[in-house]
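After this come two complexes, each holding chain A, first together with chain B and then together with chain C.
After this line comes the complex of A and B, so read on.
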C-alpha cells in the first residue's frame, strides 16, 4: 500500500497521509490513511460538527421526543428536514424542531431562564409528548449554561416528563464523530436502566446503530419479529425514548453501524454483561449471515433459515437481473462512515460493480482498515476528502457512478458522473433483501439514464444521430449482452411497490410462544449469573 | 375587523422560519466572482448552509470553514483562519476575495478578525502572495443577533463598504436585488434592458442556475466582479428593492458617497412593478418603453382571468423573508384575496414602523395578524387549535408539513424551496413574476378542488 498524493494537495503535505492506493501484494501494514485527525482549515472538507453528529444523526431519529437545541436558531434550522429518518408515529421527529433562540442578551446574562421557559412552552404546545432531548450547541457551551440543572428542575416540577441532556457542542472534536460518541455515553449514563420493560419473548435484543433511513429499521424489525425475537429498543431510528431507557434488559445487542454506536454496545457489555453481535442488513449474503448469527445465538437457526430461504427465492432473481447489467461498472463508494465497509465487498460480489475508491468523512482508521480490505485492488482510499481531491479522483478514476451525499452529488453531476445519495438513499429502503434489489435498481437507473447519455454529448462537435426519438435504459444496458443473458429465464427487474413500508406496518407477526414467562426468577438468576 | 401587529407569544422557536446570520453572509459571498468565503466557527455552520443552498438550487457552491475544534474554542482560533486563508489561496489560484465570516462561537470567544485581516495583509499576503490580487473582507455575523436576513443585509453592506471607491461617475444604477432567485435577476435585468438602463446588479446570481456542460465546468457561483463592487460608489443612484436585504448598503453609499438611495418597493405584483419602473424613470429620465406596456398588458390580462372569478376572498397565510411577505401580501390584496396571517421570522424592531405595514394597518378591513419574531408554529397552532381557516399558504419548503397535514394548498415561494422542482428558475418579481405567481396560486387551488371534490366541475368552463 502506498500513500497517494493528490496534485491539488501537494501544497498541504500533511494531506498525503490521508490517502492510500491499494496496490497488488500490499497489506494494510504498509500504509493506512490517517483518520479522525484535526481538519485542515480552508481545505473545503465535507465534515460536519459534533453537534450535528449528536443531535441530527443520532438523537433526532428518536420518534416520540421533543428535540430542542439550546442556542441560536441556526443549528436547529440547518439540520432540520435534511435527512430521511422516518417513523411509524407520523414522523413527529421530522416535522417539528425546537430552538431556544438564544440572543445577544442571553449570551451576556445567561440563557438558563430562557431554556426553562422554552421547555415549558414546548411541552405545552405538544401535550401528548412527555419526553425531551436537549442539545447543547457551541454558544450554550461557551457561555456555560447548566442545562442538566434546568432539566432536573423541570422534571421535579412536572413529574410526568423525562428529559435527556446531550452536551456536544459543534467544536467538540474534528467531525460529527465526536458527537456520536458523546450522545452514546450520555444516554447510557443518564437513561439506560431507568425503565423496566415488559418482556414478551424468550429472545430479546436491542437493535443498535440503525437510523431507519427510508424505513431500514422497519424492514429489519420485520425479520426479527418473524424469528420471534422481541426488539426491545432501536437505537435510534424509529426508536422510542422509554424503550431505550430499558436497554439493560436485552439478551443481546445487535449492532449495525459500529462507527456511530459501538461505544454504547461496548459499555452495555461492560456494565450489564449484554453481548455485542455485529450484523449487517445490506446485501443478501451479509444479511443472511447476520440472521443466522442471531438465530445461532438464541438457538433458533431454523427460523432464520426459513426467512433466508423465502426472501432469497423471492428477490434473488431480481438482484441477478441487475447484476448482469452492472457487471464491471466502476463506482466510488464515498459515504460518511460505516457504509464504506458495509458495502465495499458486497456490491462487488452481488452486483458485480468495481469499487475503485472509498472515502470517509468522519470514519476512524478502523473503518478504513475494514473498507480498504474489502475494496478492489487499485482502489483509492481517502480520509476526510475535500472538494478538489474528490474532483481529481473522479477525473482520474472515471467512475460510472458515485455514492455520496446530496451536495457533493451536485458537483459530480457537473462533470457528468451520476450520483446516488449514500446517506438518505434514492428510493430506499436499501436494507433487507428487497431493499438490496432497490439499491441495485437505483444504481441501474442512474448509470443507464438516457439523460445521462445525453449529457455526454457536445452538439457543437459530435456527430448527432437524427433517427432516434428516444432511448430506453435496456437499449443501453443490454447492448453488449448475449441473448442468453438478455432474456435469461428466471431473471426479472424489480417488481416491488413504490413504498414497501405501509405493508410492513400493517403486518401481524407469527405468534411464537413465550416459554419462560412463567419463570421470571429463573431468568433473573441466569442474567445475574 | 382590523390589522394587528403583534409579537409571537412565546420565547422559544418551534419550527423556525429563518436560519441565523452566517447563512445570510454566506449567501452574499457566493454571489461574488472569484470568491470563496471562510466561515469562522464549527464545521456545521458551513456544511449545512452549503447543503441547504444545494437543496434549493440543486447546485454545489464553494464555502470553506476555519474548522474550529476544542482547542480553538478554548485558546482562541485565529490561527485556524490564518491557515485557512493560506490553504485556500494555495489551492484555488483564481480566488481573489475571501470574506471572513464569524459565527456565534467565534464572536463569543472574541476572536479579532479585523485585527487578523490587518496582520494577514501586512504579513502573509505581502510575503507569499505579493503577485496576487487578494481581498480579505471581515464580516461579523454573530448567530445570536438578528437572522439570516440581517446577516445578508450586513454582509452586503460590509462587502460594498470594503470595495466602494470614489472615482468618475459611471452613469449606472446600483440595483440591490435582495435575497432572490436567478429567475428574479433575469426578470429584473429584462426590465432594465427594456428601459435601456445600465445597472450594476448586486448580486449577479443568474449563473446559480448553471448548466451541465460538455466541458465539465463544475462550480456554480455568482458573477459580480470586484470592479462592479468598487464602482458602486460612482453610480447615479441606488435602488434596494428589499428594504431589509441590501437596504443598509444603499444607505451607506448615500451617506458616504452621496449616491441617492431608494428603498423598495419590492417589485412583486403589477402595482409594485409599476412603482419600480417609475423610480427608474425618475432616476434616469428614461421613458417606460412600449414593450413594457405590452408586457404589462399580458400580465394584467392573465390576472383578469383569475382574480375575481377564482382568487377573490381566498384566505391566505404568508411567511418568509420580510420584503417578500409584504410584497406578496400587497399583491394578494390587489388580486382580491385576503391575507389573514403574515409571519415575519425575526425580532427586527423596525418592522412595526415599516410604512407598508402601517399602510396595511390603516386600510385592511378584515382580520389580519402580522406576527413578528414568528415561527411556523404560530400558524400551525392556529390551524390546529384555534380554528384558523386557510385556503392557501405561501411560503418556503420548511413549512411543507403544515400544508400537507392540514390539507391546505401551498405555493412554494422564497428560500428554500427544495420540495418542488425548479422554483429558483421562476421570477416572483416584475410583470412576468406577477403572472407566474397568480397562475401558480390558481393552479394550486384548482388541483386542491379536484382532490377534494370541491366545485371541481366549475373548471369545465371559464
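After this line comes the complex of A and C, so read on.
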C-alpha cells in the first residue's frame, strides 16, 4: 500500500501520512494511515471536540437523565438533537437539553454557585427524573470549577438523586474520540458496581457501544429477548442510568462500536472477569454470525438459528431486489469511526456496491486496520480529511453516493453527489435484518432519485433534453436490467412499515417465551408470593 | 506443494482479516492472547478434538473458534480432506501470518500503550 498525497494538501506535507491507497498484494504492514493525532494547523478538520464526544455521542443517549453542560449555552445547543438516538421514554433526553449558561462574569468570579443553582432548578423542573450527568466544558475546566464537589453537595441535600460528573472539556484530546475514552473510564470508575441489579434470566449481557440510532438498539434487544437473554444494560442508547451502574453483573459484554467503548469492555474484563465479544449488527451474514456466537456462548444457539432462519426468509428477497439494482455502483464510506469497518465488506458482498474510499474522522489506527482489511483493493483510506481533500477525492473517484455526516454531506450535494447520513441515518433503523433492507432502500433512493439526476445537468452549458418526460426511480434503475431480473418472481421491494419501532415496543412478555422459561427459580417464587 | 500451502494459508488469513474482529483488540497483549486462544481452538475443532472451555473468558474464545472453523469448512471445502498433520501445519502458518499482520508487523502505534 502506498501513502497518498492530495494535490490540495501538498502545502501540508504531514497530511501525506494520513491517506493510503490499498494496492494489490499489499498488506497492513506496508502502510497504515496515521490516526488519533491532533489536527494539523492549516487543515480545516470536520471533527468534533472531546466534550462533544463525551456528551453528545456517549452520555446523552442515556434516557432517564438530565444532561447538563457546565459552560456557555452554545456548547449544549450545538450538541443537541442532531443525532437521532431515540428512547422508549418519550425521548426525554432528546427533547430537553440543559446548560448553566456561563458568561464572562462567571469566568472572572467562578461559576460553582451558578452550577448548584442550575442543578437544583433542573431537578425541581423535572421532579420525576432523579439522575443527572454534568459535562464539563472548556470554559468551566479552564477556571477550575470543582464540579464533583458541587455534585456531592447536592446529593447530600437531595438523597434520592444521583449525579455523574464527566470532566471531558473540548480540548481533552485530539477529537471527539478523546471524550469517548474519558467518559467510559469515568463511568466505570465512578458508577459501575454501585447498584445491584435484579437478574431475570440465566443469560445476562451488557450491550455495549450501541446508541439506538432510529431504534437500532430496540431491534437488537428484540433478538436477544427472543433468545431468552436479559439485556442488563445498554451502553448507552436507550440505556437507563441505574442499569448501567449494574454492568458488573453481566455474564458477557457484547460489543458493537469498539471505537467508542472498547475501553469499557477491556476494563470490565480486567476488573470483573466479564468477557468481550465483538459483533457486527449490520448485514445478514455478519449479524447471523454474531447472533450465533452469542447463542453459542450461552448454549442456546438453536434459538439464534430460529431467528436467523425466520428473518432471512422474510427479508432476503427484498435485500436481493436492491442488490440487483445497486450492483457496481461506487460509494465512499466516510463515517465517523466504527461504520467504516462494520460496513466496508458487507455492503460490497450483500448489496453489490464498490467501496472506492473509506475514511474516518476520529478513528484510531486500529479502525483503519479493520476498515482497510475489509475494503477491496483500490480503496482510498483517509484519516481526518479536510474539506478540500474530500472534494478532491470525490472529483477523482466519482462516487454514485457517499455515506457520511451532515457537514461533508452538504458539500457533497453541492457537487451533485447524493449522500446518506451515516451517523443519524435517513430512514433507519439500519441494524437488524429488516434494517439492512431499509439501508439498501435508502441507497437505492439516493442513487436513483430523479431530482439528483436533474441536478447532474448544468443548465449553463449542458443541452437540456426536451424529448423526455417524467421519470421514476424504477425507470432509471431498471433501464439496463434483463427481463429475468426486472420481474424476478422471488424478489420484491421493501414491504415493511414506515416505522417498525412501535410494534417492538408493543410486545409483551408472551412474545418472549424463553425469557419466562429461563427465569431463575427464586425469581419465579418471588413473583408467585 | 509449498506454494499450495502458502496459497491456502493466505486464503484462510484473508477470511479472518475480512470477516472477523477478534484479532483487532487494541493492545499487543490482547492480540497475542486472542490469536493464540482462538486459533488453537480452531485447530482443535478442525481436527475433531474435544474442546472444553475452562471458564467464561475461555468460552468466549471458543465461540469465535467454533464459528471460524465452520466458516472454513463451508468456504474452503478442501480443508475437510486434509489430514490432522496437514491441518496442524496449515493453522501454524495461519497463526504466524496473523501474528505478523496484527502484532509484529503492525504499524499501529497504539498497540504498546500501557493503558486502555
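Note that in this section the second predicted complex is superposed on the first by the 498 of 529 C-alpha atoms of A that agree within 3 Å, B and C clash if a C-alpha of one lies under 4 Å from a C-alpha of the other, contacts with A are read in each partner's own complex, and residues count from 1 in each chain.
In the analysis below, contacts are C-beta pairs under 8 Å (C-beta built on N, C-alpha and C of every residue); 3 or more make two chains touch, one makes a residue touch a chain.
Since this is a predicted model, take the numbers as computed values, not measurements.
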item: Partner chain in contact with A:252 - chain B first, chain C second, else both or neither; value: second
item: Touched partner set for A:214, first chain B, second chain C, both or neither; value: neither
item: First (chain B), second (chain C), both or neither touched by A:11; value: first
item: Partner chain(s) touched by A:360 [first = chain B, second = chain C, both, neither]; value: neither
item: Most chain A residues touched (candidates chain B, chain C); value: B
item: Touching partner for A:93 - first (chain B), second (chain C), both, neither; value: neither
item: On chain A, positions contacted by chain B and by chain C; value: none
item: Partner chain A, residues of chain B touching it in the complex; value: 10-16, 18-23, 36, 38, 41-45, 47-52, 54-55, 58-60, 62-70, 72-73, 80-81, 83-88, 90-91, 103-105, 108-109, 142-145, 147-148, 210, 212-214, 216-219, 347, 377, 381, 397-398, 400-401, 405
item: Residues of chain A defined as touching chain B within the complex; value: 8-9, 11-12, 38-52, 68, 71-82, 94-104, 106-107, 114, 117-118, 121-122, 125, 137-139, 141-143, 169-176, 387-388, 391, 405-408, 410-411, 413-416, 455-458, 460-461
item: Interface residues, chain C side, partner chain A - complex; value: 17-19, 21-22, 24-27, 30, 55-57, 59-60, 62-64, 66-67, 71, 100-102, 105-110, 116
item: Residues of chain A that touch chain C when the two form their complex; value: 27-29, 31-32, 36, 185, 251-252, 258, 262-263, 266-267, 269-270, 273-280, 286, 289, 292-293, 296-297, 341, 345, 364-366, 369-370, 373-374
